Amino acid sequence: MGLLIQSLINGISLGSSYALVAVGFTLIFGVLRVVYLAHAAVIAACAYVGFFVLRYTDSVAATLLAGMITGAILGIIIEAVAIRTVRGQNHLIAMVTSISVAVLIEETLRLTVEGGQPISYARTFTSELIRFHIGSASPYFTIGQVLVVAMVIVLVLALTFIVQRTWLGRSIRAVADSETVSSLLGVRVNTTSSMTVMLASTLAGAAGVLLALTITVIDPRFADLMQFKSIAIILFVGMGSIPGAVVGGYMLGFVEAFAVSYFDPSYRDLFAYLMMIGILMVRPQGLLGRHVAQRV
Amino acid sequence: MTTLATASAAPAVDRSQLVLTGEHISVRFGGVAALTDVSVRIGTGRRVEAIIGPNGAGKTTLFNVLTGVVPPTEGKVFVHGRDVTGRRQDFIFRQGVSRTFQGLRLWEHLTVEQNVTLASNSVAGRKGRAAGERVLGLWNSKAGLERAHWALDQVGLTGTVRDRKPPQLSLWDSRMVEIARAISSEPDVLLLDEPAAGLNPVEKKRLRELLIRLSHEIDFHLVVVEHDMNFVMSIAEHIWVLNFGRLLASGPPSEIQADPRVHEAYLGSPKDAKK
Amino acid sequence: MFSSAFEAFATIQCIMIIAALGHYLPLSMRQLDVGIAAYMSIGAYVSAIMTREFGFTFPAALAGGAVVAGAGALFIDALATRVKLTGFSYAIFSLSFAESLRIILENNDYVGGVLGFSGIAHHTTFGVAAGVLAVVIVLFWLLDRSRLGQLRTAIADDEFIVPQFGVPLVTTKLIIFALGGALGGLAGGLYAHYVLYIRPADFGFVMLIALQLPVVFGGLDRFYGAIVGTALLAWIPEVTRDLGGFRLMFAAAATLLMLIWRPTGLLTHDTIAAISAAFRRLLTSLRGGSREQERPEVQ
């Protein structure tokens, strides 16, 4: 019984992490439909910035703010350097440019902070445990985990509103559908793209700080795996759905948490990979850009 | 005026006489019907035929069905009486069906000669194959190279032009490469998709003479999709008219030219065409 | 002959270039099979097991590793081709297999699990690595001139019309994919018998990036691009001594700048054509010059 409850809690916790990463990532990958693999690097960079801010201010709020601002700035820079410059090229080029950016960021972190060794966030109120007792078991969670769940809910509501109801959201979806037509209709493609990446990267900044507060020990690559799993999640729930990305994140979190509790923990990551393979074999239609019909 | 009888009323067709037939072909993509119940029969004493119709009528889609690019939603395709519906393109090629594509589609980074040998080494079933040649065609054979040279000779591409690459060629030479590539397997049926597009009147006349000569010398049936009515009327012995994915009419040029339904579909062009 | 540090560097580079050429094959057809690190992994483990556990000779082990890796590539790519994956989906697909392999290896005690496989005999010397690389380069040169190579170019230029001219497209692509995988396996076998201790983590994202970025940097039109790209991006940081630890960063920066400026990569068809034309002119002028000296003009 205790194991079940703890697994549920772990599932929520894990799922929240995935949802937090996926919700920003899907804005670029799922809605704008750009091959983009630098999200994890942005998350890590913002977490590192937050590390120093926390050390000097002891304020979680300031850390969170710093992380988000860092994300916004990085987002604008990355869009201008690595996305706008290769817009319209094939997937391989988009993939390799974003990977290059990710490597640049992660290597910078590695070379400048502790030689790439993991660093520890200072203890804050977010690490406070809340333990409760059920029968003979005493499962627990942290305040930080609650914060993350709350944040995810807020973000999903906000983002869904933006994408569905605002001018920006409409512009993003228009550009994803067809750049040429959108620009002919007056949508400023560059601005839209820039704002999308900036928004997503701000979320990445928040995610980076929150994740760091939760897991406390981070290294430059700590978000890489979550980014990859986000791709699996987005494929599974269908591209373009923000609530879907979050729901998918929780689903994966639960599957992994229960697998770890009841089966072999060392195979935890395998689920996402098998899911990915399975989805692609069953629903392989073009991931990004519309399926370009061949004119013969 | 020739109209095609419906399937139930027609006598059993002796397909062995026909080189290439499509029977009651329908093609639907999602909600769009590209072709509806189209039947064409190529062969039996007619050497050069044409498929005409306004833009979007389904001419290229019909080609795609006949060559295996697109499987028909309904209907069947026969080559030499053999059911090839839904078979792969390379299989249909080996049955003796060859084609060109709309627009210029040559491989830019291969030379003229290599563009042709790519096809001439993928040996066609009967005529094309030399004794002992294998069908998978993963290596270049001497016979393949000879066929390529012969095909290039037929279209007049000799000398250094063979080592040039498509971006360096004139439109006429590019078209000739496409034709050489298509005939290098000594096909039984050659389907040309808008071969005269972009050519001036002098070149069109040359093309017409070339195609007629080739169809006799190499003994293939030629099917041309074209928009230029003069060209079509001057070359075709039999014309199939498509409109909105359906077969509107079929018959010799004189009949088609006089057919009011065809005029209506085209809004006036065949009437003005000179013989 | 060379300093031992340089020899170590050069040996590894020969191995990496072989792997890069293996990665080049699918990429040149715009098929994003990015499993090259996994193919290296297969080759490394299979060949190491063959020599350490079963006493096979080194050449046999190398061949075994290459064959199994090629079969692995064949399997993954056959599945991917069957469902007609393209672009980024293909990359994700192959990457998922690659990472799954890593997890399975990490949990398998027979191959040493996370702690890896050690006690591998030192068979790969600089001579061996350079020799194998030379043979591979010759084979690529021959491939360019063969029908298979021309088919590869045609597929890269316009895949859609290739089957119309009698080419069994899927079979052809799979053969090329299998060759790419086999080269990866060959490189892996050489690698294992050089570093003498391999772990599943050695063949993860870092290895993939170290191979992929230089190949794209060098250009996908001709195989020379993969060689030059890999060599340059490794050699420049090595030579400018202080950049040693910055190698990956240098590769990333160089690749990013290259793709922004010149998305086709460093060496394109035209570049190679221009170089070989210049080379031919040089040869004819040398030959022509000396001939004129030998035979005076007859009036």
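A, B and C are the chain letters, set down in written order, and residue numbers restart from 1 in every chain.
Quick note on the criterion: a residue touches a chain if its C-beta (ideal position, glycine included) is under 8 Å from a C-beta of that chain, and two chains touch if they have at least 3 such contacts.
In this text, all values refer to a predicted model and were calculated from it rather than measured experimentally.
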By Cα centroids, which chain is closest to the centre of the whole protein?
C
Centroid comparison with chain C (C-alpha atoms), farthest chain:
B
Which two chains does the highest number of contacting C-beta pairs join?
A-C
I'd like the Å distance between the centres of chain B and chain C, where a centre is the mean of that chain's Cα atoms.
42
Where the centres are mean C-alpha positions, what is the separation of chain A from chain B, in Å?
53
Hey, how far is the Cα centre of chain A from the one of chain C, in Å?
32
Of all the residues in chain C, which ones touch at least 2 other chains?
160
Give the residues of chain A touching no fewer than two other chains, as numbers and ranges.
296
Check each residue of chain B and list the ones that touch at least two other chains.
69, 101
Interface with chain B, chain C side, in the complex: residues 146-148, 150-151, 153-154, 156-158, 160-169, 171-172, 175, 221, 269
Which positions of chain B touch chain C when the two form their complex?
67, 69, 88-90, 93-94, 98-99, 101, 105, 107-110, 114, 117-119, 121-124, 136-140, 181, 185
Quick one: in the complex, what on chain C touches chain A?
27, 30, 32, 79-80, 83-89, 91-93, 95-97, 99-100, 103-104, 106-107, 160, 205, 209, 212-213, 216, 245-246, 248-249, 251-253, 255-256, 259-260, 263
Touching residues of chain A toward chain C in the complex: what are they?
35, 81-82, 85-86, 89-97, 99-101, 103-104, 107-108, 111, 224, 228, 231, 235, 264, 266-267, 269-270, 273-274, 276-277, 280-281, 284, 286-288, 294, 296
